[in-house]
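What follows is chain A paired twice: with chain B in the first complex and chain C in the second.
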Partner chain A sequence: MKTPTRWIKRALFYGVVAVFCFFSASPFMWMIITMFKQDKDLYRSANNPFIFNLPPTLSHLDLLFNNTNFLVFMRNSVFIGVLVVIITLVISIPAAYSLARLVGRWGERAGIGIFLVYLVPPTLLFIPLSRVVVSLGLHNSLWSLILVYPTITIPFSTWLLMGFFKSIPKDLEEAARVDGYSRLTSFIKVIMPLSMSGVVAVIAFTFTLTLHEFVYALAFVTSSAQRTISVGVPTELVRGDVFYWQSLMAAAAIVAIPVGLVYNIFLDRLVAGFTMGAVKG
Partner chain B sequence: MAVIEIKNLSKHFDKVKAVNGVDLAIPEGELLVILGPSGCGKTTLMRMIAGLEKPTSGVISIGGLDVTELPPRARPIAMVFQSYALYPHMTVFNNIAFPLKAHGKFSKTDIKEKVKWAASILDIEKLLERKPRQLSGGERQRVALGRALVKEPKVLLLDEPLSNLDAKLRASARDSLQRFQRRLGITTIFVTHDQIEALGMGDRIVVMSQGKVMQVGTPQDVYHNSANTFVASFLGSPGMNFIQRDNYLFGFRPEQFVPQEIADRKDDLQLFSFAVTRVEYLGAEQQIYGVVEGSSDEKKVIASLSSETNVRLETGKTYTFAVPQQQLRFFDHETGLRIEPQPL
Partner chain C sequence: MDETVTAKKKWTDGFRFWSDREDLLGPLFLFPAVVYIVALVGIPFIIAMAYSVTDVTAGNTSLDFVGLQNFQAILKTDQFTQSLRNTIMFTVVSQIIILVLANILALILSTDFRGKWFARFLIMLPWATPIALGTIGWLWLLDSKFSPIDWVLRYLHLLGEPAALLGSGKNLYYLGRLELAKASIIVIYVWRMLPLSAVILMAGLTSIPQDLLDQADVDGAGFWRTLFQIKLPLILPIMSIALLFSLIFTVGDMAVVYVLTRGGPVYYTQILPTWAYLKGIESGALAEGSATALFLFPVLLAVAIMVLRFSRRTEVT
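Moving on to the complex of A and B:
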């Protein structure tokens, strides 16, 4: 009696998993197939879009790498991403720790206040922020984005990390202080290793946000050499009403697939990171 | 000479006086138990000795050194937390080695040797490669103790170290902890709300209530010669019975309150007429609830008797009970302080 129900349960489980796999993987498959398609194949509506009706070609990758600034955009995006991650960590870790531990009940309220800041959309903020950027002489430069992105990432990260630091028993750092460490060294040796999931979540969130952010990148940077991937790719590959679909797909896949892989490697930690922040924050 | 001297120590959180003017001197090698109900300030007192809490006023000195303003890391103390506070990301070895690595003055081989030494006294050598989550409650407690000992502190602070163990383990943990403290001769302060731990282990007991020290003395002292009604009723389970007379209270322990038939006739007995309202059977002993007739407030009085006793007691009947005269204790009605025996 037991075995059939177990088989049904298993079949149901893997069936649901298969549906989700298809749901999340099919856009990538479509992107990858499209990027190698010839124009004649892609633009004939009678053709099946999911298979190669004509032999694949590398010419669109050639266009992307050799006739656009794609590599420059990539370098810019990675540069901005890394710097914004560093700035975010340097500011949000101490902020979150002090709000979680030192300020008492006001820490909670301040934390909620900081999180509310994150909810103000960039479409509302880019006008006042453009005045700030111009007055600092950073317009049309990567550095404007390095300055502005932390306004989104720091509030969210602070709030996320606060949940982490709160969930670590105070006893642990007090034990470290009795064991001969200062507040700072007990934080580094005991609290930080236990908050790694949160830090990984912050890095992932911050980096992907700088990769896909569009409004600020479009508003503050106009010269092609300073653009990020999110703005550079569509502006160079959508010329007038001509969409270079295959090259667009190639650009999207090249950026998205490594990010997806990294997410998968750290999946457990990320889930722990985001859910913990959500429950305890 | 006293290893720890505490003078007029206070800690106020806003309006709450958690610790209020405490004076204590603890001689070398003593096992001192701080006993009190939750919220009496005992943990705050210990945290101030550890340096985790800054006193509002007063002085703490350890080994002749004024440590009042020093951070925990500069004090010659070690502490075992109620939760044990083992570092979950480190092995047992690294947990115990952690205090030694703090100052960087020990070589790797020194550290190894000292950890081995601590592990061998506590019989946890086999656990050194494990992580804390793979240990039982008793093993965690010993690891926490090892981590405290390894830096050879002048004073060992224990914050309810047995309360996370299950009841059966607690008895053997009491025994091993006490023997271990005797063997090392380390001055130890033990905070607990459990009077069995306090009476069974302490060289001396400090009974605290509402931030103040009620009495300091040996277990026999605080139990038999309680300084006030708080100590008398807090110690013993159930605590001392009190009966009001005119402007004073007198009290006696439930186990001293027995039917006249089985009272020791050599003693000078004080007799009471006792109306039994309830008999509670508790295995080895039974507790008799009732009212002493002629007392002015008709308060419930409890007698603890062995279940083996020949005297049959029934609910709703009145019996003659007796207490030896020398077991009666007298207290001031207003202040609750012990006073000279009064004529009954």
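Moving on to the complex of A and C:
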């Protein structure tokens, strides 16, 4: 009696898992099938779209890499991402430590204030910021994005790291100071190594946020050679009314799948980051 | 020789002195972040507010005060009211669906099962993908002629035949028909935000003390009872944080609408950000664009404060 109900329960469980997986992954499945299809196969609505009615081809990947700015977009996105991660860490690590330990009473209020800044989305600020960018002479340059993206990443990173620093027992620091470390060196030598998982979560999150950003990248940069993946692919790989679907799908899949893998590897740390940063912060 | 040693000692002493001064170190550490935020969020925000009450355009950047004229003017246009309605509708409906599904997903992903790593990879993909590229995938998935969904429906004889359930046309034209276009946008928002919300809720679930669950088990509480009387109430504060995050990301996004429908058919799926973009950047009407973009801020702020208060209060008790 017990075994059949257990089996039904398991089947039901895996059924629900499968539905979620299908919902999340079906666009990617569709991308991967499409990117290898020949035109004659793809553009016939009678053909079964899920199989290769004609042999697969790599010609669309060739088009993507050799006849479009895809590689330029990729290089720009990585360049921006790395620089913004560095700026974010340099600014938000000290700020988070300061809020968690040094500034005391009004630290908490300042922490909430910083979190509230995160609630001001780019869609609110892109018009004035586009004027700021023009007046700094950064219009049409990817440096405008390097300048502006930390406004999205610093508040979140500071808030997350603040939770991390708070969760480290104060005794540890005091012990280090008894041993002769100053406040600053005890922070560098004791607190920082213990917060590495928080830093990793911040790096992963910051990098993906910059990779994803669309509004600023669309509003500030108009020349093709300075565009990021996020804006370059959907706006420039479409020529007039012609959609090179296979190449577009290839571009999307090539970016999505590696990032997804990295994300999945760091997911546990990200969850840990959220648990410490968000729950206890 | 002696001189350099004393100089070095002096320097280390000085370093030692200020590196131990909390009253200096605290503000010093915080200073760069505050400067950055004030310069690139605070000031632009004030500029946005200033723009919204003047007659500034990209061509004529002198600020002449016009009061609330811009707000009055945009409120009179159909495009604006339609955008406002859409923004609110898309956001509210998608958040409700996300909250329900994310709870289920978080419960699933916090148990151990075979193939969990791969399932988690697939489920996280939409969040890892730049939203504009994900939307491009959907654009092709919902293509007016070659949508595989239409093919499956035709294969199942639900479409494309006389007396078929979904009509005799060959295609459903997802993005050409108003209701379907709106539904598609909501589906993409859900698709994109579900993983993040589930991850945040998972963090909440893992922070529930195990002895509490063991105790419930000993006391004979079943799955549903544990769920509704222990787990859900305990993760309520973090659920509000998850809601806040997905709310911000949804309201702050314009890629989905911009790439998928460009606001069409006509302007019926336009949202405030895309409308502000068309006005403020493409037509250079900075004042009206800013007024449009700012419109939702008071609502957003009120929701945020409510959520933060709520999560704080429940944390204390």
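Heads up, the rule we're going with is that the second predicted complex is superposed on the first by the 254 of 281 C-alpha atoms of A that agree within 3 Å, B and C clash if a C-alpha of one lies under 4 Å from a C-alpha of the other, contacts with A are read in each partner's own complex, and residues count from 1 in each chain.
To be clear about the criterion, a residue touches a chain if its C-beta (ideal position, glycine included) is under 8 Å from a C-beta of that chain, and two chains touch if they have at least 3 such contacts.
Because the structure is predicted, anything quoted here is derived from the model rather than measured.
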item	value
Chain C versus chain B on the shared chain A, clash or fit after superposition	fit
Which superposed partner A:Asp171 touches (first chain B, second chain C, both, neither)	first
Chain B versus chain C as contact partner of A:Leu129, first or second or both or neither	second
Partner chain in contact with A:Arg239 - chain B first, chain C second, else both or neither	neither
Residue contacts with chain A in the superposition, chain B compared against chain C	C
Spatial angle chain C-chain A-chain B, Cα centroids [nearest 10 degrees]	90
Touching partner for A:Leu42 - first (chain B), second (chain C), both, neither	second
Partner chain in contact with A:Phe115 - chain B first, chain C second, else both or neither	second
Touching partner for A:Ser92 - first (chain B), second (chain C), both, neither	second
Partner chain(s) touched by A:Ser182 [first = chain B, second = chain C, both, neither]	both
Touching partner for A:Arg105 - first (chain B), second (chain C), both, neither	neither
Minimum distance between Cα atoms of chain B and chain C in the superposition (Å)	7
Chain B and chain C footprints on chain A, overlapping residues	182, 185
Contacting residues of chain A [partner chain C, same complex]	13-14, 16-17, 20-21, 23-28, 30-31, 34, 42-43, 45, 48-50, 90-92, 94-95, 97-99, 102-104, 107, 110, 112, 114-132, 147-148, 150-151, 154-155, 158, 182-185, 208, 211-212, 214-215, 218-219, 229-231, 233-234, 243, 245, 248-249, 251-252, 255-257, 259-264, 267, 270-272, 274-275, 278-279
In the complex, chain B residues that touch chain A	50-52, 71-73, 77-79, 81-83, 85, 87-89, 98-99, 102-103, 147, 151
Chain A residues touching chain B - in the complex, by the definition given at the top	169, 171-172, 174-182, 185, 189-190, 193-194
Residues of chain C defined as touching chain A within the complex	15-16, 19-22, 25-30, 32-34, 36-37, 40-41, 43-45, 47-48, 51, 61, 101, 104-105, 108, 113, 117, 119-138, 140-141, 145-146, 148, 150-151, 170, 191, 194-195, 199-200, 202-204, 206-207, 237-238, 241, 244, 248, 251-255, 258-259, 272-273, 276-277, 280-281, 286, 289-290, 293-294, 296-297, 300-301, 304, 308
